[in-house]
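Next come two complexes, and both contain subunit A; in the first it sits with subunit B, in the second with subunit C.
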Partner chain A sequence: MYDAIVIGGGPAGATAAIYLQRFKKNVLLIMKDSGALGKTAHIDNYYGFVETITGPELLEKGINQAKRLGVEVIKDEVLGIDNFPDFNVKTINGEYQSKTVLLATGKNQVNLRVKGFNDFIGKGISYCAICDGFIYRNKKIGLVGNKEFMLEELEVLKNFSEDITIFTNGMDLSVELHDEKIVTEKITEIKGDEKINQVVTENSEFDVDVLFIAIGSPSASDFALRMGAFLDKNNIVVDESFMTNIPGLFAAGDCIGGLLQIVKATSDGAHAAIAMNKYLKNN
Partner chain B sequence: MYDAIVIGGGPAGATAAIYLQRFKKNVLLIMKDSGALGKTAHIDNYYGFVETITGPELLEKGINQAKRLGVEVIKDEVLGIDNFPDFNVKTINGEYQSKTVLLATGKNQVNLRVKGFNDFIGKGISYCAICDGFIYRNKKIGLVGNKEFMLEELEVLKNFSEDITIFTNGMDLSVELHDEKIVTEKITEIKGDEKINQVVTENSEFDVDVLFIAIGSPSASDFALRMGAFLDKNNIVVDESFMTNIPGLFAAGDCIGGLLQIVKATSDGAHAAIAMNKYLKNN
Partner chain C sequence: MPVKVTTETFKKEVLESEVPVIVDFWAQWCRPCLMLAPVLEEIAKDFDGKVKVAKVNVDQEGYLANQYRISSIPTVLLFENGQLKNQVIGLMRKEDLVKRLGL
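Showing the complex of A and B:
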């Protein structure tokens, strides 16, 4: 049982892990890839670096710093988090228990960039099978994705309907499926009236009552949504101590909104770690 | 006329100056010495530095970074700031005009560490001659200090009383005075009843009605106080855009309170710079 699991290895997550480690907490940092910072070629405005530094360089420094100070770091992808009452964090390769969790996975919810998509968000386009699956029992369900995250959602949706079509949207399917309807063509348009009713691909059309999105990996807001945490325009809502409405679940960095800058993320991380340390003392 | 003058060369000030420079603003950073960070021997928890770094090293990096990006940096000591309506920043060596000012000089208000001192703060111990001098016209005034800041306060106090005694509190007097009563002994105690009435030194006692404190250099809260900005327990009060109640006067870092950490100061600095850029556009 960890005192804290930090999900995300960017500026917010690494800073929080470093602070928690200095508070002598038993902390695990789970990171997947490099997020937004990993795509940043030139950083000039992060205090303390005289010369330009690249995002990947800064990320590596932060992780090496955390490791040097004793933080346990693993590279793995988190698929889901449960809490009753302790947290159980499920990854592709294992499960980890903790008294608190910090979501710091940045702002990476992936959408489809096709005609009509934005028109039907909340009108039959959903990001959460656990939240909305029940509404569409025995209906025609579409599910977009190609990896473990899609598989997680699929398992949930199977409880509600047998008519499920998986759209990989041109991506390679990286998980094994049996007896599922799979469409590998690219999606070109979403159609509907009041609500979605059709997914158009390069050479075909598919009638659907709902389209669930599970592209790539789950984002912080995906986790938050599934656990019942409040969101505001895809930002996780936290109080002044960076805790969500779920006791012990904290969030920091880009995923809570505000300025999408390294300095803001590191500040969030430090504040969250201090609040988590206090929470661990009082609970 | 500068777009912005940043007072203070620590993490908050340097970050703000860097951001303002990137917004193509004409910015001047005035720094005196190294503040709290300059006294910090070991920094392990500032994101991005794998190995331990010292405060002076980080400060130097930050300033060199600002200079590389084109920020004009001067080493000087700010003595006072006026605004009608543009800001005039008076230093030991010059005067500078600007449309906006950012106070980022840290938390360095110097107090006397002698018996009785804390008992008489607000009861005859004052930090602001412009604010309180009039109350003590023709009274016995004591003034503690040994440098330019003390001289500034002295010039103000001379308008109100001829009975002024200067206490250097054992420090060398680094400015020239004429016909002033000067006590160079160390202060050992502050005495009084409801209000202060006596300053006790190593070998003597002096009756006073008020004791003004102008030790070392003026702090951000000293400037703020003199300009009529709101303070709360010596912290400068700012709104969500880091602006004080005085239009165009911003503050960031330790001087506005909160977490006294580098990550919080840099975050403050970036947020303040963005707000100042917006303010400059709208005014």
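Showing the complex of A and C:
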């Protein structure tokens, strides 16, 4: 059992992990890839670097710094988080238990950018199988995705219907499927009247009663949605101590909105770690 | 306190109510629904006597869920004088829900 699991290895996550480690907490940092900072070529506005530094360089330094100070870091992808009674974090390769969790995975929820998509959000387009799957018992279910996250959602949806079609939307399928119907063409349009009723691809049309979205990897807001944390325009809502409405679940960095800058993310990480330390003392 | 409403009591409790009614479509297995419950209890307290808060369990009341085309839960509907006035989908903070419902 860890005191804290930090999800995300960017400036918010790494900073929080360093602070928690220095509070002598048993902390695990789980990171997948380099996120938004990994795509940043030039950083000239961050304190203390005389020469331009690249995003990937700064990230690597941050993680190496955390490791040097004793933080346990693993590269893995988190697929889901449960919180009864303690937190259970499920990744592709394992499961980890903790008293607190910090979401610091940046802002990366992937949407479909096709005609009609925005019109049917909440009207047959869903981001959460465990929330809405039950409503579609024995109905025609569409599921968009191509990786483990999609597979997770598929497992949930199989409890409700046998009529499931996977849409990879032109992406390579990186997981193995057996009996499922798979459509690899790109989606071009979502159609319906009051509710969604059709997915149009490059050369075909498919009738659906619902379309679940699980593209790429789950984002912080995907976790928040499933756990019942408040969201505001896809940003996780936290209080002044960076805690969500779920006791022990904290969030920091880009996923809570505000200034999308390294300096703000590191500040969030420090504040969150201090609050988590306090929470651990009192609970 | 929010009142539990069924297909049988919906007309009397919601459509014939003298005050506006917020109807929460929810289910036990839906985590966001469970987190919305305390928000609705607070709204019931804040608007005591002015707005009624009702809850419909979509597992038990499939007819109502179908009739109002509930496709994602939690969904909150606002009724005034028997008419559907507003619909809000998803978990949110009290102040956001109150604003979105136009209370």
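Note that in this section the second predicted complex is superposed on the first by the 283 of 283 C-alpha atoms of A that agree within 3 Å, B and C clash if a C-alpha of one lies under 4 Å from a C-alpha of the other, contacts with A are read in each partner's own complex, and residues count from 1 in each chain.
The working rule: a contact is a pair of C-beta atoms (placed from the backbone, for glycine too) under 8 Å apart; a residue touches a chain by one contact, two chains touch by 3 or more.
Treat the numbers as computed from the prediction; the structure is a model and nothing was measured.
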First, second, both or neither for A:S126, with subunit B first and subunit C second: second
Which of subunit B and subunit C A:R226 touches, first, second, both or neither: second
Which partner, subunit B or subunit C, touches more subunit A residues: B
Partner chain in contact with A:P11 - subunit B first, subunit C second, else both or neither: first
Partner chain in contact with A:V210 - subunit B first, subunit C second, else both or neither: second
Partner chain in contact with A:Q261 - subunit B first, subunit C second, else both or neither: first
Intersection of the subunit A residues that touch subunit B with those that touch subunit C: none
Subunit A to subunit C touching residues, read off their complex: 122-124, 126, 128, 130-132, 134-135, 194-195, 210, 225-232, 237, 245-246
Interface residues, subunit B side, partner subunit A - complex: 11, 14-15, 18-19, 22, 44-51, 53, 58, 61-62, 64-65, 68-69, 259, 261-264, 266-271, 274
Residues on subunit C engaged by subunit A in the complex (per definition of touch): 27, 29-36, 58-59, 65, 69-73, 75, 89-93, 96
